[in-house]
Amino acid sequence: MNISEPIRLLLFLAGIMAFVGFNAAYLVWVERKGAARFQRRPGPTEVGFAGLLQPIADALKLLSKQVIVPPTSDAILFRLAPVLVMSPALMCLAVIPFGETLVARNINIGLVMVFAFGSINVMAIMLGGWASRNKYAVISAARVVSQDVAYEIPMLLVVITLLMVTGTMDLNQIVRQQAGWFWHWNLFKLTANPLMPVTFVIFYICMLAETNRAPFDMAEAESELVAGAFTEYAGMGFGVFFMAEYANIVVGCSVATVLFLGGWQSPIGVWSGPWWFLLKMYFLVFSVIWIRWTFPRTQFYGLLNLSWKILIPVSLFTLVLSSIMLKLF
Amino acid sequence: MSIPSFIPHEKMSDETFVLNLGPQHPATHGVLRVKLTMDGEYIARAEPVPGYIHRMHEKMGENRTYAQFLPNTSRIDYLSAMHYTHAFVGAVERAARITVPPRAEYVRVITSELNRISSHLVWFGAFLLDLGGFTPLLYAFDDREKILDLLEGITGSRLTYCYYRFGGLYNDVDADFLKGTRDFTAYMRPRLDMYRALVTDNIILRKRLESIGPISAEMCRKYGATGPVIRGSGVAYDVRRIEPYSVYPEFQFDIPVYPEGDCMARYLVRMEEIVQSLRIIDQALDQLPEGPVMAEKVPRVIKLPPGDYCYAVEAARGRFAVRIVSDNKDIPYRVKLRAPSFSNLSLYEEASQGMMLPDALALMGSLDLVIPDIDR
Amino acid sequence: MSVSLEELIARLSRLCPPEASPASSEGPAPAESPAAPAVALAPAPAVTNGCRLVDYAAKGYHLDAIVPPDKVVEAARLLDEAGFGLDAVTGVDWLAQEQMEVVYDYFHPSASWRVAVRCRLPRQTPEVATISTVFPGANWHERETHDFFGIQFVGHPDLSPFLLPEDADYHPLRKDFVA
């Protein structure tokens, strides 16, 4: 591997973009196929083998549609929002270690970068909703902001707990610490903090809420707000929001895998590699899809009360517990 | 910090905006428009604006014969067509003093109850869809499909049946239908247990429905709300029991009543009603007498003696009553169709005040509206 | 029921003047004697005020109270006190008799009793007080009746077209309505 750094970076970025694009397209297929199986129906079957070409057909259809910008909307922000919603997902993936050396840019504050860019997604949806100047979209935008502010706090508290255990923000370093059998994963580091599984559950719930996935899909809530912030978007404008949703799920699940499930480390101690990372990540992605097609939507105030009354106190408690354990042992 | 699910009207701010929910909106299940005056996400006033699919069935009734009007009745509430035909047929039979043979009455009960189950299954799926749960819809439609197949076998249509005729039925049921119905009741009970385990006991669903959208028994009475709405408010009002018609007095069944008056109570009432309908069907199949399914001496042209005649049935959504005013001609002088959804929706403005938008939609879903039934 | 049936009949009867005397000042009842209804031209049974039990099996309701128009609200209040609920409000256009009939159907949530309260209005000026003050549910039913028959419900909060288009100025269930 004797290629110069700029070319390597360029290749990696192209790879990440392809990865995100491929995932966004084929997670839609997985979601549709999975939902169909949960609902005892075949799902897409017509386009290609087992409907495998369906995402491409969908993309072609969306691309061929006119991008309508409503005359009353704020045209610049309206066009900016889909761009803004997609780019942070790409940025975040640049620091995620897919394998020991398979990382676009290994920086020592990778975790900070992920969360810094991760919250831009919220702003993008808010902008989209606000710029549409549609009442449903504005309600949705207001919901997204209050929801994500509420869930950012327990998520970061949990991450701080984890940082106390790992002592580093370098994502690759965090993965290396979890080498060996699966009980070395941060998820099972009970000696460092007996509540580690709880922190994972909190992280997972917050990730669902941050990515606006059911049962916390307040932003879209199609039976209440038509399509929420995306109501006025047509064609690929809508398509980009749609892809960004999956891209953000991939990012969220990747971070969860790296932080709690040992990243590319093998659970049995041998044959570590990127395949383990992908396996774990896709398992989490599948669970996200699974949850969506199983549960009804929560109430909006129920959602906020869950965050402020349960998740934040519990995550604060784990934080305190962690620091006590750190001091004692 | 706690976000209330409800704020009273006097605490609302003056900065409200109008949100048009409908006539095309996923939650209104048709072309109902609700003009919402909102304070943020709280509803200051919800004013339903029906009429988008008004077809003036009552006028149609005044210019065609009784037999010609009969198919109209199944198009009012397309989900419980059997009950609606039953009410109209019943009113004419009452006025013309036609006695329906017992076998026909039993088959009417069986098909009516099957129709009630299929209607409740549609509601179950659609209601969960309103709450953001997609999957139950497909399961409910799967079960409903079996009922539609059964009814299609004997009536020839899948939704807008015109099976009941003045004096009896269009045709007799066959062995396939009887066996299929038996199989269906045996199949449906475990399915309901599954729904209970998967859906009813789900904590998210319970949190979304419990103590949401309370409707008092007094309010039901003042607004004339009937059916599962009034039974979910603790009043055991069921036309089948209180003004018995057909052969309902011969069956053992309970009237499910839940006193809470919230969305969960209405949900549970309907789920329980499916069980009771299965009970009635089983009993009716056991007791089904032999004999003709059409009364003898039903005149070809029906002329009712002057006067007004009422007939009420318990449709899936509540009390459906037909009032025919006759002037001794072969066409009715006036047909009044008293639709349950109309009265059930009329309390929405009062009941939804101060609620949050998602809860108000849960309340609307729990009323089980069929828009053509409101607009007629 | 919170009041006994006999009590209810007595109270309702008090609203309707006795049959022997001429009907109320509005005079909705035809002047001819009740024994000889004019069948051919006026097909409706002769209308006299009064509260009478009818055969449920033949009619589908138990109690038929024909009251003068100014007693409609009082009748509604009476039935409300007796625990009845409002079933429907509707009209009938008696073109031959130059009258409009308003029918109020009541049901009882726990007793097997159905009451129809009716009143006759002159067809040229069909006006009757609203009962939506007693039964809020009557609001929609009266609006619908206004749509279809053009009957004015005095004191009703909003009689704008309800099921008909918002610019409708016709009343389709009137017998002289031509589409």
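Each chain gets a letter, A, B and C, in the order it is written, and its residues are counted from 1.
The rule we apply is simple: a contact is a pair of C-beta atoms (placed from the backbone, for glycine too) under 8 Å apart; a residue touches a chain by one contact, two chains touch by 3 or more.
What you see is a predicted model; the values in this text were computed from it and never measured.
Interchain contacts link the chains end to end along an open line, per the touch definition above. Chain centres were defined as the mean of their Cα atoms; on that basis the chain farthest from subunit C turns out to be A. Looking at contact counts per chain pair, the maximum sits at B-C.
For this pair, subunit B with subunit C, the centres built from the Cα atoms lie 27 Å apart. If you average the Cα atoms of subunit A and of subunit C, the two centres end up 64 Å apart.
For the pair subunit A and subunit B, the distance between C-alpha centroids works out to 43 Å.
Residue positions of subunit C in touch with at least two other chains are not found. Along subunit A, no residue makes contact with two or more other chains. Looking at subunit B, no residue sits in touch with two or more other chains. Residues 1-5, 17, 19, 25-27, 40-41, 128-135, 137-139, 142, 202, 204-205, 207-208, 356-359, 361 of subunit B are the ones that touch subunit A when the two sit in their complex.
For subunit B in complex with subunit C, the touching residues are 50-51, 54, 56, 58-59, 62, 91, 94, 97, 217, 220-226, 230, 235-237, 242-243, 306-312, 319, 321, 323, 325, 327-328, 333-334, 336, 338, 342-343, 346-347, 350, 375-376.
On the side of subunit C, the complex with subunit B involves touching residues 39, 43-45, 57-61, 80, 83-88, 90, 92-93, 103, 105, 107-112, 114, 116, 135-137, 139-141, 144, 148, 161-165, 172-173.
Residues of subunit A that touch subunit B in their complex: 35, 38-41, 135-136, 139, 142-143, 214-215, 217, 221-224, 226, 293-302, 304-305, 308-309.
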